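The two complexes that follow have subunit A in common; it is paired with subunit B in the first and with subunit C in the second.
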Partner chain A sequence: MSGRRPVVSLRRINAIALNTFTELTRLKVFYFLLLFALLLIGSSALMARITFQQELQVLKDVALGAMSIFASLLAILATARLLPQDVEDRTIYTILAKPVERFEYLAGKLGGVLLLLALSVLLMSVVFFVVLFLRQQTLLAETARQMTGLPSAEAADAQANIRHAGVTTTLVLAIVIIYCKAALLASLTLFISTFATTNIFTIVTTVFVYFIGHLQGTAREYWLQNAGSTVGRRLFLGAIALFFPDLQLFNVVDDVAAGAVVPVTLFAKTAGLGVAYTAIYLLFAWAVFYRKEL
Partner chain B sequence: MRLGAVVIAVVLFGATKLPLEHQLDAAHRRLGLRAVEFNLDLREQIGQLGFIAALSGFRAIVADMLFIEAHAAWEQTDWARVLLLFREVTTLQPREVLFWDMAAWHMAWNASTAAVNDRSQPRETLRIKAQREYFALGKDFLERGIRNNPDRPQLYEALARLYRDKYRDHERASEWFAKAAAVPGAMSYDRRFAAYELSYCEGREQQAYERLRALYDEGEKERLPTLLKRLKFLEEQLNIPPDQRIPEVVR
Partner chain C sequence: MTDPAVALEKITKTFPVPFQRRVIVALRDVSLRVSTGEIYGLLGPNGSGKSTTLKIILGLVSPTRGQVQIFGHDAASAQSRANVGFLPESPYFPKYLTAAEMLSFYGKLCGMRRRELAKRVDELLELVGLTAARDRRLGTFSKGMLQRIGLAQAVINEPEMVVLDEPTAGVDPAGTRVIRDLILELKRRGVTILLSSHLLGQVQEICDRIGILANGALVRDGRVDELLIAPDQTELVLEHASPQLVDRISKAAAEGGASVIRAAPRHRSLEQVFLEATTEK
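Moving on, here comes the complex of A and B:
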């Protein structure tokens, strides 16, 4: 009955992920960030009220922006501390001394962060949708009162405009994209932390990659169009295009908030790219961590 | 050695993902989702804060902050600052039609009125010149807004109102109301307004009559007071035979 141990066990990954998630939820910084995000999303309604004719727009921009900032921050800060903390606490030796593969350890750690991100994004989304829905209902009632006596078609047009600017299913897809971007950043941070020497180095490097990632699209297009007169410039642009993720693709959220019509297939492709990046960076992290001296 | 292998793997992955990203980017551009390009022109237009915001992917939220700042500048009637801030706001968030609309409204309606009533300028000619410059700024915002959002009817409609109310150019107003009406999601009155404006254009009476009559024949919901009034006016102008005229309006 001595069956071979599976190369990758989902059960072990789940155990590590749940343990990581529990550890992360005990951190004060998590509650501080989450509280700050929830306050910002909640207060977006107040901020929106001072903007004439722009209420729902500003509310969506501020809330989605806050979700994006806090999800990204949380992804980077929570992941950057995982490996150094485990080394410092020496728990990594206890775990890896057991029949746990290094890939399982990394996947579990990332899984824990992804669970934390899912919970945070879910909480922020609930607050956001409640605030947006309440404000939308108030505006609909105000508009109905103001348009009493006008032709019904015009009143219906005005109400339809408010509904279009309010709660829509596209917003849910936009939030999924925010989550995918945060997951990508978490995986990238994990990859960097496998060869980083300190926590600070990981955070700073990931922040740099984050900024470069927003310029990657421009560099890539210049490179693909054979722009750049010198060999050095072409090599530089090529390196940026090949090494870094195009994070601008995930900023489709800004246009969704602005009311642009974005096809579901585009959301699916962007989310797919996010998942692919997350998986690939995890594999890269494993490749570095595989035989690393601890 | 292992790090070298990882670098090679990263490059290989880069080469694989490059066409996918390029395709996705092309799809974004086709939909007008990548209206903000990162270059030195943008840096000069939006300033350091805006540029960093755009770089970090938070351009929408910074655009809102600048919009609120523009609102404060409007309350202080600091028109130069309102213009500057709205240029930054619309550059950062070109897909938001209300930003273009508000920018044009502040320039063509508020700033222009302030300019023509500016008692610190004793020469009326210069006051009128300043007023017209603000009209032109409003028109420019709307035209650029339409180029960035050709699929949204609101800005076509705003440009039509600008031609109607500020330039008193009924022909252009009619043309832009008609363009607004042709865009999916347009307000139901755009088609009517296009016909009303045409009815004020000398030499276009017959065309205006046909359009208004067609609207009238659509039924009760289109038979609004202005439509009946303009139709009656055109019947007189064009000497329409009595049996083809619409019934007298019962008051």
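Moving on, here comes the complex of A and C:
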């Protein structure tokens, strides 16, 4: 019983994360969302066929778009109500009355959402990959049949093109990026919910930050170009960037869907950005929450 | 020298009123000490600051002024709660968990291991009479059942002190007895108990010391037996006394310079009547 206890206990964070995960998976709304996402991804093959061209490209575009939207939506909606619900139900009294640091409580809550997101993204990926693989096999068989009379070099070329558009490492990396973005949004939502008075405020503010994050890169370039770049302006922009991440980097996913070649360093940079902001927002949340009256 | 279980030193707590300059003063200069091993009862009308005092002790609310020490640790540190169990007033627990899951969740928060937990959970469910409801979600529990499972949760890691905010509110008389017996059992094991209640009879029965809050100030604080003594009165309870005998006693009292204030049949408490009627076969 005696002896110094560690400042942060992974075991307690773990317990809270698993409990949060249980809470979220026992909500019916989660299954509706997930089912809807899976249906959409599953039917991406149908949608792609209507276009007659670049079929696999369109399929990937639809599926990755659906995954990105649902992961982000799930991150925001699932996180927004976590803290307010605990405060309203007063379960937070019983949890914090145990030897639990407030940081552990927040980290546990976020951990639970990250777990849920990981599971959802994994499920969506499996469905996506199965659909993509099946379509690819059919296409390969079809082209092989159509090209029986043509020179073998041309046929091989067409086959290679189709193979290249299937499940690749780049595609997996793009899904990791989607997950990182969702994690960032979850952490941001948690931060906002520590001082928000209503869930609607939390959701609206998060969406607002989301759009600023997408626009800020362009705005920054425009401003520095037209008004000149001084130290003061750079500091100001740096401060803004601390709160609003440059979300445009995450558009790398669209490039992947379009079949562009994306360097691995760009993936690493984007994922790093996601992880860093997830941590920063968690610290912000803690700064607001650690002496908050409940 | 051992630290007292709880030491409040001149605690003042004010709550700001939103959009106004006014503040609500919930506690004024409250100093209070709970020694280890005793049962301390906090009494007071609604809104007098009982719950606020208990929340300050658990570090859930920070005092505006003053010092709080729990077993010698500052109440703001998580360390101070390592040996304390808490049952808040009208407790709510995660609705989506079953009784057994909830107990093991809180056990894990106290740093308990899976194996020792499994045994402890069964033991506690048995103790508070909820073994049959073990795998039911808490969302379906009645108020009294929540109170009982809440008590089990408070003692999951065998703490050295338990803080109970109105532990018997909404519990039926039989359940109240279970909780009372549990509290006395805890005391027998040397656990310090701090509770708040509106049930004066019960507080009188089980508490060693009480404090009375009124309007945020501690207006009484002391041992129950000492506070209750009417210094100039003596009680005499007779069985099978005829009216003539009572008459003679009155006369004798008058000769001795005393007077009989009341001589009437003795009443049983409603609790006794209720329990007799509801446990009859």
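Here, the second predicted complex is superposed on the first by the 273 of 294 C-alpha atoms of A that agree within 3 Å, B and C clash if a C-alpha of one lies under 4 Å from a C-alpha of the other, contacts with A are read in each partner's own complex, and residues count from 1 in each chain.
Keep this in mind: contacts are C-beta pairs under 8 Å (C-beta built on N, C-alpha and C of every residue); 3 or more make two chains touch, one makes a residue touch a chain.
Note that the coordinates shown come from a computational prediction; the quantities given were computed from them, not determined experimentally.
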Contacts of A:23 with subunit B and subunit C, given as first, second, both or neither: second
Subunit B versus subunit C as contact partner of A:74, first or second or both or neither: neither
Which of subunit B and subunit C A:100 touches, first, second, both or neither: second
Partner chain in contact with A:91 - subunit B first, subunit C second, else both or neither: second
Touched subunit A residues, subunit B compared with subunit C: B
Which of subunit B and subunit C A:294 touches, first, second, both or neither: second
First (subunit B), second (subunit C), both or neither touched by A:34: neither
Touching partner for A:11 - first (subunit B), second (subunit C), both, neither: second
Footprint overlap on subunit A, where subunit B in one structure and subunit C in the other make contact: 291
Subunit A to subunit B touching residues, read off their complex: 47, 50-54, 57-58, 61-62, 64-66, 68-69, 151, 153-154, 157, 195, 210-211, 214-215, 217-218, 220-221, 224, 241-243, 246-255, 257-263, 266, 269-270, 273, 276-277, 280, 284, 287-288, 290-291
For the subunit C and subunit A complex, residues of the former touching the latter: 15, 55, 58-62, 78-79, 81-86, 88, 90-97, 101, 105-106, 108-111, 150, 153
Contacting residues of subunit B [partner subunit A, same complex]: 2-3, 5-6, 9-11, 13-15, 17-18, 20-22, 24-25, 27-28, 31-34, 37-39, 54-61, 63-64, 67-68, 71, 93, 95-98, 102, 151-152, 187-189, 221, 224
Subunit A residues touching subunit C - in the complex, by the definition given at the top: 1, 5, 9, 11-12, 14-16, 19, 22-23, 26-27, 89-91, 93-101, 291, 293-294
